[in-house]
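We just call them A, B and C in the order they show up, numbering each chain from 1.
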Amino acid sequence: MFFSQTLIVLTGTLLLGIASGMVGTFAVLRRRALAGDVVAHAALPGLCLAFLAFHSRSIIVLLTGALLSGLLGAISVSLLKRFTRLRDDAVQGIVLSVFYGGGIALTRSIQNHYRDEPGADLESFIIGHAATMMQGDVAQIAVVVAVTASIVVLLFKELKLLSFDEQFCQVQGWSATGLDILLMVLTAVTVVVGLPAVGVVLTAALLIIPPAAARFWTDRLSIMMMIACAIGGVSGVTGTLLSAHFDGLPTGPLIVLTSTAFFILSWIFAPHRGLLWKSREVTDLEMYLPWVEAGDDVPHPSTNSGPPIATQEVP
Amino acid sequence: MTSSDENEKPAIFDIHDMTVAYDRRPVLWNIDLTLRNAGLVAIVGPNGAGKSTMIRAAMGLVPMVSGSVSAWGSAIDGQLRRIGYVPQRGSVDWDFPISVFETVLMGTYGSLGWFRRPGRVQRDLTMQCLERVGMQDYAKRQIGQLSGGQQQRVFLARALAQQAELYFMDEPMAGVDAATERVVFELLQSLSDEGRTIVVVHHDLRTVTEYFDEVVLLNVRIVASGPVDTTFTSANLQATYGGRLSILDTMAEAVQKQEETE
Amino acid sequence: MLPTLTNTVALLAARVPIPFEAQTTRLAEMLSLPATDVQNAFWTIAVGALCAVCCSLAGCFLVLRRISLLGDALSHSVLAGVAGVYLVTGRVDPIPMLLGAIAAGVVTAVMTQFIHKTALVPEDSSIGIVFTSLFAFGVVVVSHASHVHLDLDCVLFGDLSFAGINLHPTFGWLVPESFRTLVPTLIITLLLLTICWKELRLTSFDPTLAVTLGFSAGLMHYLLTTVVAIVTVSAMEIVGLLVVALLIVPAATARLLTDRLSTMLWLSCLIGVSCTTFGYFLALRWNSSAAGLTAVVAGVELLIAIVVSPKHGLLGRLVRTVRLRIRICAEDVLAGLFRRQERSDAPDTLVQASLSECHILAGNGLLAGPAVRWLRTRHLLQQVGSVTSLSESGLRYAQSMVRSHRLWEAYLQENFNLPPDHLHDPAEAMEHFIGPGVQQQITEELSQSAEDPHGRAIPDVKKQGVN
C-alpha cells in the first residue's frame, strides 16, 4: 500500500517535471519567466471560490476554478499594462499580490467556517502536498502532459519562430497573438495541475530552473527542451524520494531545491558556458574578438536588451 | 500623379494618408507613398525621422492612427507571404539556442503553412541562400557566435529564403564591416535585377546615388520621393535634414493633449 | 495566545502604564463595547499603520526604479536568512535573525545580477531562480524545525489580527511587541530618506543622469535593497509574504495619482494605512486573514485610482474624449455654415439653415445634438423661429476654423510631398487643434498666405471680425 502510493506520487511529480520543462523552455527564452508565478498566485482565489461554490474537493472542480482565475490574472496584467502607465514589474507585482491576498483571505475564512468538513484545508495548496496525490490526480497530470506534448510537437516550428523573433513571425502572416495566447494557456494549465503537489508559491520555480539549467548544455532548442524535461522529471522524482525518506519535509520545496542543485552544477561545470570552463578558456574578450576585428561598433545585444530590472543601476 | 487610369497596373506598394502616433502623439504625418517600379529604394532621413516606424507600420507591426496600406492593389494583410522583411539586428535575442541554418530555414516557414515541417526542398533552398550571402561555412554555428556583419548576412539569407517579391530592410548596413556592405549591395543589386522591389532604410547619404534607383526623403513627413537623379537634390536634402518643423512639434503636443494650442 | 494574554494581565496588574488607555476606554464607553476590545483594535491599527508606512515609503522607490519584483523576491528570500541563522545557532533570537534576513536580501540582489551576468540567463529568470530556491530552502528548514518557535503559518500569513493583543513593556510603557522592530525600521527608513533625499530622487527618476553627475547609482541600489530587506523582515511578522502587496500596491496607486515624489510618498503612506485598517476590520467581520484582506483592499483602491485619477484616470479620459468629439462636431457645423455662406450668391448675408441641416453638418451621430446645444449655449448659433444662423461671434469662430483649415492645407502643400487631392482630409482632422498662436506661426512661415492650394481665399478673422 505504501509502495503503490509512493509510486503514484513519483509518477505524478515525474510527469509534472516533464510538462514544466517543456512549457518553461519557451517561458524562459521569451523572458516571460515570472508570468507563471503570477498565474500560480492568481489561481488561489479561483480555487477557493470553486470550493465554496460546489463544496467539493474534487480536484477537477478546484483546478478548473484555479485555471479560470489564473487566466484572469494573466488578462489583468495585460489590461493594466494597456490602460495605466504602470510598468511591467509593478503590474506583475500588483496582480500577483492582490490575487494572492484574496486567496489567502478566502482560504482562511473557509478554514474558519468549515472547520469540521473534511478537505476544507485549502491552505495545503500554498506550499503543496504531494504525498496525498491520488491515482486520479496523476491521470489528469498525464492527460495534461500528453496534450501539451502533442501541441508542442505539432507546433514546434511555429512556437520556435514566435520565441525567437516575434516580429518576423507576425510579418510572415502567422497569428502571433494566437500563438502567444496558446502558450499562455499551456503555461497556466501546467502551473495549475502542479499546484496540489508543489504549491502556489513555488510552481514558478519548476518552470524557470530546469530550462535555465538546460540552456548551459546545448545551443539547440529541441535538445534544450529535452534536457529541461529530463531535469524537471529527475528533480520531481528525487524531491519526492527525499521527502519520503525524511518524513515531514514538504515535497514541493525539495523538488525545487533538487532542480536548483542541477542548475548550480550546470552553471559551474557545463562545457563552454560553465564558470570553470569560461575562466579556463574563453574570456569575454575572446568571445567578442571576431567582431572587434571586423570593425564593428555595435555591442552584443543580449547583454543590454533584458527587461528593465535594476540593470540601469549598475554603473 | 496618383489618379489611377483604368488600364494601369496597380502599384506594387502604396501607402495612403498614413499617420502613426505613439501615445496619441503623432510621429509620422500623412505619409503618401506609391512605388510602381521594381528596383532599389532608399528611405533616407535624420535620426528620429520615423524611417523604421514607417516600414514597421506599413507591415502592421505598429498600429496606424489613420490611413491604409496596400500591395499589388489589395490590402497588405493578405499579401504578407509575398513580402520579405529584414528587421534591425537588435530586435532579437542573439543568445537564443538556434543555429545559423535553422534561422535561415525560418524564412521558408511562411510558404509551408501550419503544422508542416520543412523538408528537403526547404533545406536545399536554405543552403543556397546561405551560399548567396557567403555564410555556408557557418551553418552549424549558434547565431550569437557571429560578428555583427555576419549576423546581418544571416538575416538577409533568411529574407532570401522567403522568396518574396517585395522586401523591406531596416538598416541592413548599420554597424557592418566594409566587406559585408559590399556583399549586401551586390546581393540587393542582383535581387533588383531579378525584378524585385527592395525598400531599404538607409543612413549613409554617400552611397545613395551609387546604389539606389529611387529615394524617399523622410522627416516625420515625406519631403520628397522619386528617382534618385531628380529627387536627391541638395534643396530636398536641406529640407529633410534642416531641423524639425517646430509647428509639427507644437501640433503633436496639442493632439496628444487633445487641446487646442494657445 | 493564552500565555501572552496572562502575561499582559499580569503586567497590567503590575501597573505598567499603557499609552492612550484613557482615550480608548472612553471610546469603548461611547460605543458600549468591552474596553479590551477597543484597546486591541487601537493597537492593531497602530501596528498595521506603522507597518504600512514603512512599506509604502520603501515601496515608492521600488516602483519608481522599476524593481518592484525585487520586493517580491526579497519577501520570499528573507525566510532563508532567518532559517539559515536558525540552522547555525539553533536558537530563535531576533537580532541575529534580523541580520540573517538582511544578508539574505542583499544576497538575493547580488546573486540575481551575478547569475544574469555570468550565465547569460535573462534577468527575470535569474530573479526567479534565486528567490524560489532561497524560499524553498527556508521552507524546508522551517518545516524541519516546526517543533520550535519558527512558524510557517506566520511566515505565510502574518498575524496582524493578534498584533494588538501581544503587549510588552518597552521603556516603561506597555506597547505591542512588534513596535520594538517596527519603530526602529521606520527610523532607519526615514533616515535613509532624509540623508539621501536628493540622491534617491535623482537616481529614481533618471539613473543615467545620476551617474553622469557622479552619484553612485550602484551604491544607492544596494543601500535601498538593504532598507527594503529590513522593512520586509520586520513587516513579515505582521503581514507575512503579503508584505509585497504593501510594498508595491499603495506606491503604484500613489504613482497613478501624482507626478511629484514628495506627494507620492505621503499619499502612498495614507493609502497603505487605509489598507491595513480596512483589511483588519474586514477580517474581523468575515473571520478571515487580515493580511489577505489588506492586499485585497489595496487592489480595490488601485482600481478606484485607475478609474477616477484626475489626470490619467479612465473616467477623466473618457470625459475628455467625449468633450473633444462634441467640440469637433460643433466646429464642423460652424465651418460648414461658413462655407455655404461663402459659396452663396450673397456672401455678406448670414446663411440660414434648419436644425436638421445643422445636425447633418455635425455628422448626424450621437453627438450631433450635444454639439448643436454646445453652440447655442455659447451663443455661436442664433435661432429665429425654425431658422438657425451664425451669430456675430459664431461667424468669427467659423472664420477662424476655415482659416486654420486652409492654412494647414497651404502648409502641407509647401512642406509635405502630398498630391493636391490628399490635402483636405489631414486638414479636416487638424483644424480643431490649431489655435491663434499656430495660425500666426504658419502665416509667418508660408511664402504666401492669401490663398489655399485650391485657390480659395484664406479668411482673415480680425479684419472681417471688426467690420
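Please note the rule applied: contacts are C-beta pairs under 8 Å (C-beta built on N, C-alpha and C of every residue); 3 or more make two chains touch, one makes a residue touch a chain.
This structure is a prediction, so every number in the text was calculated from the model and none was measured.
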Quick one: which chains contact chain A and chain C both? B
Contact counts by the stated rule: is the higher one at B-C or A-B? A-B
Could you work out which chain's C-alpha centre is the most distant one from the centre of chain A? B
Taking the mean of the CA coordinates per chain, how far is chain A from chain C in Å? 29
Whole-Å distance, C-alpha centre of chain B to that of chain C, is 39
Roughly how far is chain A from chain B, centre to centre by C-alpha average, rounded to an integer in Å? 37
Give the residues of chain C touching no fewer than two other chains, as numbers and ranges. 120
Where in chain B do residues touch at least two different other chains? 95
Could you check chain A for residues that touch two or more other chains and list them? 31, 215, 302
So in the complex, the part of chain C that touches chain A is made up of which residues? 63, 65-72, 76, 109, 112-113, 115-116, 118-129, 132-133, 135-137, 139-140, 143-144, 146, 152-153, 156-157, 203, 207-208, 211, 216-218, 220-221, 240-242, 244-245, 247-249, 251-252, 255-256, 283, 286-289, 291-296, 298-299, 302, 306, 312, 314
So in the complex, which bits of chain B are touching chain C? 1-3, 16-17, 19, 29-30, 32, 66, 95, 221-225, 239, 245-247, 250-251, 254-255, 258-262
Would you pull the chain C residues touching chain B in the complex into a rising list? 120, 320-321, 324, 411-412, 415-419, 421-422, 425-426, 429-430, 432-438, 441-442, 445
Residues of chain A defined as touching chain B within the complex: 29, 31, 154-155, 157-158, 160-161, 163-165, 167-168, 170-174, 215, 218-221, 223-224, 287, 290-291, 293-298, 300-302, 305
Chain C-touching residues of chain A, taken from the complex the two chains share: 28, 31-34, 37, 80, 83-90, 92-94, 96-109, 112-113, 123, 126-127, 201-202, 204-205, 208-209, 212, 215-216, 246, 248-250, 252-254, 256-257, 260, 263, 267, 273, 275, 278, 302, 306-315
